[in-house]
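Dropping the structures in below, format is structure tokens.
Look for chain A in each of the two complexes below; its partner is chain B in the first and chain C in the second.
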Partner chain A sequence: MKTTRRDILLFAGGSAVGVLMTPAPWRLITDSALWSENWPGIPRPARGAITAKYTNCALCAAGCAVRARCVAEQPVSLVGVAGHPLSHGAMCAYGLAGHHLPYHPARVTRGPVEEAATAVAGAMARLGANERVAVLDLRPGRTASWTYRRAMAAVKNGVYVEVGDVGNSAIDLTKARTVLSLSVPLLEGWGTPGNVIAARAGFHLIQAEAVESRTAAMADQWLRIKAGSEEALGQGILLALGGQSTAAAAEATGIPEQQILALASELKQNGPALVVGGAGSQSAAQLAAQLNDALGALGRTIVARRDAPVPDGWKKAAPAVDLASVEDGSIRVLLIDESAPGAYLPWSDVEPKLVRDNPVVVALGWTREGYGRHAQYLLPTGVYPEVAEDIPRAVDSVEAVFRMAVPLVQAPQGVVKPEEWIAKAAGLEVGDTLRERADAIHKAGRGTLFTYADGKSVATKDVKTDDFWKALQAGACWMDEVEPAKRPAAVKVAAGATRQAAGSANDLPLVAMLTEAPSSPLLSKIYQESNLKLGPKQVAIHPDEARAAGVEDGARAVLETLAGRIDVEVRVDASVSRGAVLVARRAAVLDVCGAGVRAKVVRA
Partner chain B sequence: MTIRGKIPFLAGTLMALGLGWVGFPYAINTRRPQPVDFSHKVHAEKGGTKCEDCHAFREDGTFAGIPTLDKCSGCHAAAMGTTVAEKNFIDQYVTPNREPQWADYARQPENVFFSHSVHVKRAGMTCESCHGPTGASDSLRPYREDRISGYPAEIWKVSGTNHGMKMADCVDCHRSKRMEQSCLDCHK
Partner chain C sequence: MISEIKPIHAAKYGMTIDVDRCNGCGACMVACAVENNVPPAHEGATDRKGLTWLRVYKVDNGEEYPNHRTAFVPVMCQHCNHDTPCVHVCPQQAVDLDPATGVVGEMPQRCLGCRYCVAACPYHARYFNWWDPAWPKGMEKTLNPDVTPRMRGVVEKCNFCHGRWHAAKQLAAAAGKLAGEPVEYTPACVEACPTGAIRFGDLNNAASEPARAAKEAESFRLLEKLGTETKVYYRSKREWVREIAQAPRPRQSGKEIARG
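Now for the complex of A and B:
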């Protein structure tokens, strides 16, 4: 039989029909889909022994105790440590995703380390008589902060500038029965989350704020004051406590006079009371201190706190000053440690302090979104949980504490340790400062050591020096012994975490509210690929405010504050309170607009 | 189509069916023997061991999976019996302290989190529910791996059962228990 072309085509057709009745094509489709999940570029989680490591979260000063579940030494999930006397096993959303931070898309891992060192050395050699070398420490209270102070004491005209220190006083929420918060985000990242939650049932919270923040929503009472009238309210309460008229305060805050009188009465009658707020300006801080003094809070809900011991040799150090006290146009060399996520001082506050002709600004940070945008040199640093660092005291930690974030993953090649780099630039020789600090604490013999793996506390004096250090490296917390509550010498509470005081311009009708910054790639992926969170230069306002400003959803506009202007894209969102503008917590935005700042949206 | 015309068509169909049902399943997978000819049956019947004696849960509740050599050496520090498999195991692994490279019949994709603890301890499921009658097998079947996807062939059908270990199989079971709502249970 002769095979024709028609036979071949029929055979092929029959084969095609037959194949469709077998699992082959469907399996190939499935396999191809599965294969596409395993491209060579797709990272593969390590496989290996499952272990638990302990550390402390360094994302903020709360320093919550962390248990890291590791697979093949790689942390895959973080949880709190149950039974911890300060953090009580709780962690915030960012803390739970903290192990993603080293992989953040904005991470910087390379920088001109040698060039920066040469430039700094040259500028320091040519330093004028009235010019200064300054370290700007965005997270004071650490062992590294002591190194900066020592370094600045070792150089000519050195000055150590700290941002957001809480001083030597602490807030004891467990003793408070009535708390008045002047726009402080008390329940959303102010203190130690677990500690605040644990104490929450014991006090009546009154939140005075212009917008319904999360804290306002969760408070027992929300006083909706006019934007920027926190100081006026505080002044009114002071007057009410002194039996004077509060008419002016009522006018300024928009709250009836009777309500201010009732509030003052409640604070006085239902004590111990506490007023939290006032770090936005000197006058506001002084007012909050006056209020607490008048209410008898000092020594009861605001108590003196000792610092963790330091080696005697460290005490020859430069004093800590705030940026405002540094003369304008005086800083020739500015070294900024922004290795820890979170804190940021608007560049508009920093820039006037620099000399006009070629200042040398070196930012040591993990991301290029901070001061790296303004500095000549951005040097990459390790970030939690890559580096060993201690964590400063939390505002609500009554005892002095010392705990460290210990490395859970290896830092990339080429990153610098800010403490060592700045010390070297200043010609200061430093050893293992964390170990020296731990030895000094052990030598003092005070307090207890709480170890996380077994959840036990042991007196410091019962632990050998080496064992004390090993325990701290394995995730442990030293806590000073509890002393009778004392009145602090000077009160400077709630700094840093407090919403900034509003400006006074009446033509800025809105109050800025900040969204949280995405700190993990997982969160930022959601954030980048959806409209769940605001983009870097987006603002959200209520439809009524949008109509008043003459802007529509998606329109280009300008956000104006007293500090400056920034181009933004407007999102119109009915869930945003009237009178508020929601902005993203990004450095570019923070340069002109902080939380609580008066602002205005105008058409571009 | 004439009778003459139907012959090549049917021949093509039959050839494709044969290749698709017999040749393709064979060709799509690679095969390799397990490093040791292990008998679950002997260990269960003569040794009196239970699944969880070797496939144990750690103190923190996580599942240890396939036991490591340390576990085996606890009993097999010296040869127990005179079989070839036993001699091979002692000579090649126990004496040189070399970990056997077991191939996992049930390896899941990287984007799946599976908790043995929840299924065994909380739901009370038996090992056989998913893994089939492996515990009664007298020797380890060869490990077959899909050439394209790289996953074990038993993901499609577990030996001795009528189900596989793909997401659809998990969903079927969860749906029957009315617990299919949460994607994040597995895809964390």
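Now for the complex of A and C:
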């Protein structure tokens, strides 16, 4: 039999069709999917003994109690501690992923530690009569803050500059029946999340804001005011309470005069009332204090709070001042502690305070996204949850508290402890300051200790000194005794996270939203992979403004302010008021918004 | 000889989400990603190509200020109990409806990446791995050992925290419970929700919180007209929220937000 070409083709074709009728090719596809599942590109989660550790979140002053699920000593997830008297088991999205921070792509682990020490020592030796050595503390109220104050008292012309301290007044939301928030993000990171949520059902919330923020969306009433007119509204309410005309306020805010009168009346009649706001300027803060005074809030919803005790030997310390009170061109050596997330002052506010010729600026931080961009020396520090540190008081914590973030993972080699480094530079000898503080608190004998593992409270005086310290190291919270509500000596109700909006130029007013950048890379879920929040490199504008600027949703653009320009991505959002541009707060954005908070969006 | 045979009742796990309590903080989204080893976004990922097993949508009533109202609606796999679309279309039997738990499961090892299920899902709750999963250097140490990371080219979605269910089952077995008996556990999103808006439990257990809440007058399910009998119930006192839940693509004024 002769095999023809036709036979070969028929055989080949038939075989191909026949093979498709068998499970072989389908099995091959399935198996290839199975085999490639374990290819080395996919990380294998580590295994080990599963344990629970307790700590306190150090990402903001709320200091929420945390239970960490650890696998072979490595935290793999965090969750709130149920039953905590202040945080009530709640945590925010940032806190839930806080254990990722040591692995942030912008992490700094090496720096010129010795060179910086030499430069600081040299500059301090040559310090002129009118020149200063300054510490800029972005997170005042900590034990480390006391060390900085002591260090600045120990050096020639030392000055301690603090930003964002809440002072000795606290807000008692549980006592408030009506709350007026002047663009303060009351429900999105302003206070302790669990505490605010627990108190929320008890008060009527009126949110006066130019954009529909999450707080505005969840408020009982949203007053859409013109961007930057918070002060005008406050002034209008004050005038209305005094029976005077509010026509000017109505014009400035875009709110009808009658509505301002009704608002003032509601605040007066549905008390105790509280006005939260006034972050933009000194005058705004004073106005908020005046309003609260007029409404009888002082001593009721805004109360005096004691400090947690400190050792007597620490009280020889430099006074805390704000940056505005420091003379321009006077700081020769500036040491900035930004190891923990805190407030940020635009560089354009800081720079004029430095001497013109060769100032020495040392930033101590864990990421290069803050002042490290401007400083000559960026020294690497540990980051939560690598370091032991105490957390400053929260704005809504009525009692003094002392709680620590406990190291859950080891800090990389080569990082410095800002407190020790600055003390050494100032020639101040310090020991274990956290332990000293804990001993001082224990010695005072006040308050109770709440331990997280068993959820029990015990009187401080019933605990031995060593046990008190051990408990704090294992995740515990000391809370002061509750005192009868007293009128505070000074009011700082604006403290806590705030939004900015002000200005008077022709461009768009700018409203800065909160982000806790840099945060875990996993936070991309809520801004990049969904539209829930504004991302750190995004701005949002109304569709009309987008059309006017010639930009579309998702387009690259440039944000221009009086202080500079920055590349951004545009999001078109109808919930932003016409005439405003919404940006997320981060160091680079705040730098260009320093000189004036008017901005405009232009095509890239 | 077996003297007594105990009847085993299958569970039907479900959720209730109180839309009026959700403040859109996103804690559930992050907790879900942490628990289930969902990687951070690839540089090129957008809201269309991201991996969010649970996504909180901001929706509004479409009115102008001062009548403008907004709500936040968390949406995950709705675990359809009837005519489950993704199960029907999968050519690889990579999706199944577990009769013991009522959970719609996804087996990425079997998935071919055809994305028929993504197209079929009326809730836009299934996500495709467009890129290799990647974590910043060192961050892979924080992965949950109970959940295997998925590869590029497969679909994934919410499974009511299968790893936690498995752990709870083992604990129950150790305590003497029979295999197949319902166990109690808490998914990560429920645990993380600071307002207590999300509740989870066995819908077959009349005493459970979701079973009770599902019967309330203000309770509703997404796209009920499809008859998929989902196991995620929502609740809102606001009528416009209940109405919007029946729209195929909820709208935020100015732009559509529900993207699959």
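Everything below uses one rule, namely that the second predicted complex is superposed on the first by the 489 of 604 C-alpha atoms of A that agree within 3 Å, B and C clash if a C-alpha of one lies under 4 Å from a C-alpha of the other, contacts with A are read in each partner's own complex, and residues count from 1 in each chain.
The rule we apply is simple: a contact is a pair of C-beta atoms (placed from the backbone, for glycine too) under 8 Å apart; a residue touches a chain by one contact, two chains touch by 3 or more.
If you're wondering where the values come from, they're calculated on a predicted model, not measured in any experiment.
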item	value
Contacts of A:V17 with chain B and chain C, given as first, second, both or neither	first
Contacts of A:D31 with chain B and chain C, given as first, second, both or neither	first
Contacts of A:G194 with chain B and chain C, given as first, second, both or neither	second
Which of chain B and chain C A:P45 touches, first, second, both or neither	both
Between chain B and chain C, more extensive residue contact with chain A	C
Chain B versus chain C as contact partner of A:H100, first or second or both or neither	second
Which of chain B and chain C A:P346 touches, first, second, both or neither	neither
Touching partner for A:R6 - first (chain B), second (chain C), both, neither	first
Which of chain B and chain C A:G111 touches, first, second, both or neither	neither
Overlap of chain C and chain B interfaces on chain A (superposed complexes)	30, 34, 37, 45
In the complex with chain B, residue positions of chain A that touch it	6-8, 10-19, 21-24, 27-28, 30-32, 34-35, 37-38, 44-45, 50, 52
Complex interface listing, chain C residues touching chain A	23-27, 29-31, 33-35, 37-38, 40-41, 45-47, 49-52, 55-56, 58, 60, 65-66, 68, 70-72, 92, 108-112, 132-133, 135-145, 147-151, 154, 188, 191-192, 194-195, 252-255, 257
Complex contact set, residues of chain A against chain C	29-30, 33-34, 36-37, 39, 41-43, 45-48, 71, 74-80, 89-93, 96-97, 99-100, 102-105, 187-188, 193-194, 197, 212, 214, 217-218, 222, 224, 520-526, 528-533, 543, 553-554, 572-575
Parts of chain B lying in touch with chain A, wherever the complex brings them together	1, 5, 8-17, 19-21, 24-25, 28, 58, 60, 62, 109-111, 146, 148-151, 156
